[in-house]
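Here chain A shows up in two complexes: once beside chain B, once beside chain C.
So, the complex of A and B:
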């Protein structure tokens, strides 16, 4: 019975694969040339890199919803009942080597995050990459035993988690007075995008690190 | 065949591996991994087909960047739920037999 199921699933999967591959080989040329539209509008966007322009300006609401999804995922993890007892709150002691390395690397990682955020305006980079570097620093600190897992979240931490989404919504609401949602005035676009991205970086870094630091705490059995 | 198509076809293959893994592997951790493989396949298809014309298209690239972050968040939530199931049931798999029995009773 089990073997039969395997054979059926594998047959169906290979049929799906062949159909997908065939349809891709047969795909007509796109009717709308998006890259040219982006290039044509790039001067209005406030940044010089097309991907950042799409993320934060042309399709800003995608990014707005994305940070909302991130926050919702972390909140979802926080409402699950967790084992909160004694030992797991304290970081596990790690080797001196790892601790020293983490102490040396984390300031550099914060610096790199700041650079990646700034560079996003004119080359690959931006809030998400910078936030990922920040989150990596947080995970490294936890693994080195320098940062405890999250059990209860204080006011400052909660504010940090939410500030990206709140600033994004505030900017969106503020520019709505003169047009549609998240349509920045061209003169202000660069500054508004930088303000949004700086706050996004902080929130994304904290949320991504939190996904790890909440999960790592909840698993250790009391 | 252009390099862009090779990426897209590889993405389609990854997606299919993910689908098969999702259906065949009973362990939830493997299902979550298979789901991630599916997602990576979709990202590769989007980026690959986006540069068919020779120049990379920033719109699918931005969509993939968004998708990667959402996939991380969804994976973390799925892991937390799977761990909750492990705590409640003692194993990381969906209770298939009981479901079948319920269906028979009805």
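So, the complex of A and C:
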């Protein structure tokens, strides 16, 4: 029975693989040359790196929805019934070595996150990567026993989780006065994008760290 | 060229290992290795943005979550067995 199931799964998987490969080869050549269009409009975008220009300016709507999806994912986890007895509120202290290392590394990681955020304007980097580094710092602090798991979320933490999406929506609504959603005036674009990205970094870092710090406590039953 | 071929072979090998090994911990470690190699592959495809995201989220955060899950599973098993 199990071998039969394996054969069926193998057949289905190889069919899917072949179909995907065949459709890749069968794709028509794109009618519009997007890279050229991006390069042509790059001066208007307020940043010098094409990927950041696409993510935060030309297709800013996608990024807005993305952060909304991330926040929704964390909110979904928070409404799930969790085991919040509070016994495991204090983290298990790790070895002194790990704690010292974490104390040394975390400030550096925050610095790196700030640099990656700033560098996103003209080279690979940006809010998502910076947020991921911040989240990594949070997870490291928890594993070293310096940061308790998130059993209940205080007001400041909730505000931090939401601020990225809220600032993004606020900027989008503010520039709507001149016609289109999320179309920044070229003179202001750089500053607006940096403001959005700084808030996004904080929220993404907290949300990604939250995915770990909220879950890590929920299974702690003796 | 040789580096790219080695990279592709290592990717396939680590992916197969992660999927087939019966030891969960080993599977998670292979998954993290796969993520890091994938980040290298993105760099070779001149997409450093995606490489950064892959290394940080694909290998780092997902790896940490999976390791945490394995730890919980082991704790549960230990509590049940005696």
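Keep in mind that, in the parts below, the second predicted complex is superposed on the first by the 215 of 222 C-alpha atoms of A that agree within 3 Å, B and C clash if a C-alpha of one lies under 4 Å from a C-alpha of the other, contacts with A are read in each partner's own complex, and residues count from 1 in each chain.
In this text, contacts are C-beta pairs under 8 Å (C-beta built on N, C-alpha and C of every residue); 3 or more make two chains touch, one makes a residue touch a chain.
All of these numbers come straight from a predicted model, not from anything done at the bench.
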Which superposed partner A:215 touches (first chain B, second chain C, both, neither): both
Which of chain B and chain C A:191 touches, first, second, both or neither: neither
Contacts of A:51 with chain B and chain C, given as first, second, both or neither: both
Contacts of A:173 with chain B and chain C, given as first, second, both or neither: neither
Partner, of chain C and chain B, that touches more residues belonging to chain A: B
First (chain B), second (chain C), both or neither touched by A:125: second
Partner chain in contact with A:139 - chain B first, chain C second, else both or neither: second
Common interface positions of chain A, toward chain B and toward chain C: 51, 128, 208, 211-212, 215, 219
Chain A residues within the chain B interface of the complex: 5-6, 9-10, 13-14, 16-17, 20-21, 24-25, 27, 29-30, 33-35, 38, 50-51, 53-55, 58-59, 62-63, 66, 69-70, 72-74, 76-77, 80-81, 83, 128, 204, 207-208, 211-212, 214-215, 218-219
Residues on chain A engaged by chain C in the complex (per definition of touch): 51, 116, 124-126, 128-129, 132-133, 135-136, 139, 143, 208, 211-212, 215-216, 219, 222
Contacting residues of chain C [partner chain A, same complex]: 48-49, 51-53, 56-57, 60-61, 64-65, 68, 72, 76, 79
Chain A contact footprint on chain B (complex, rising order): 5, 8-9, 12-13, 15-17, 19-20, 23-24, 45, 49, 52-53, 55-59, 61-63, 65-66, 68-70, 72-74, 76-77, 79-81, 83-84, 87
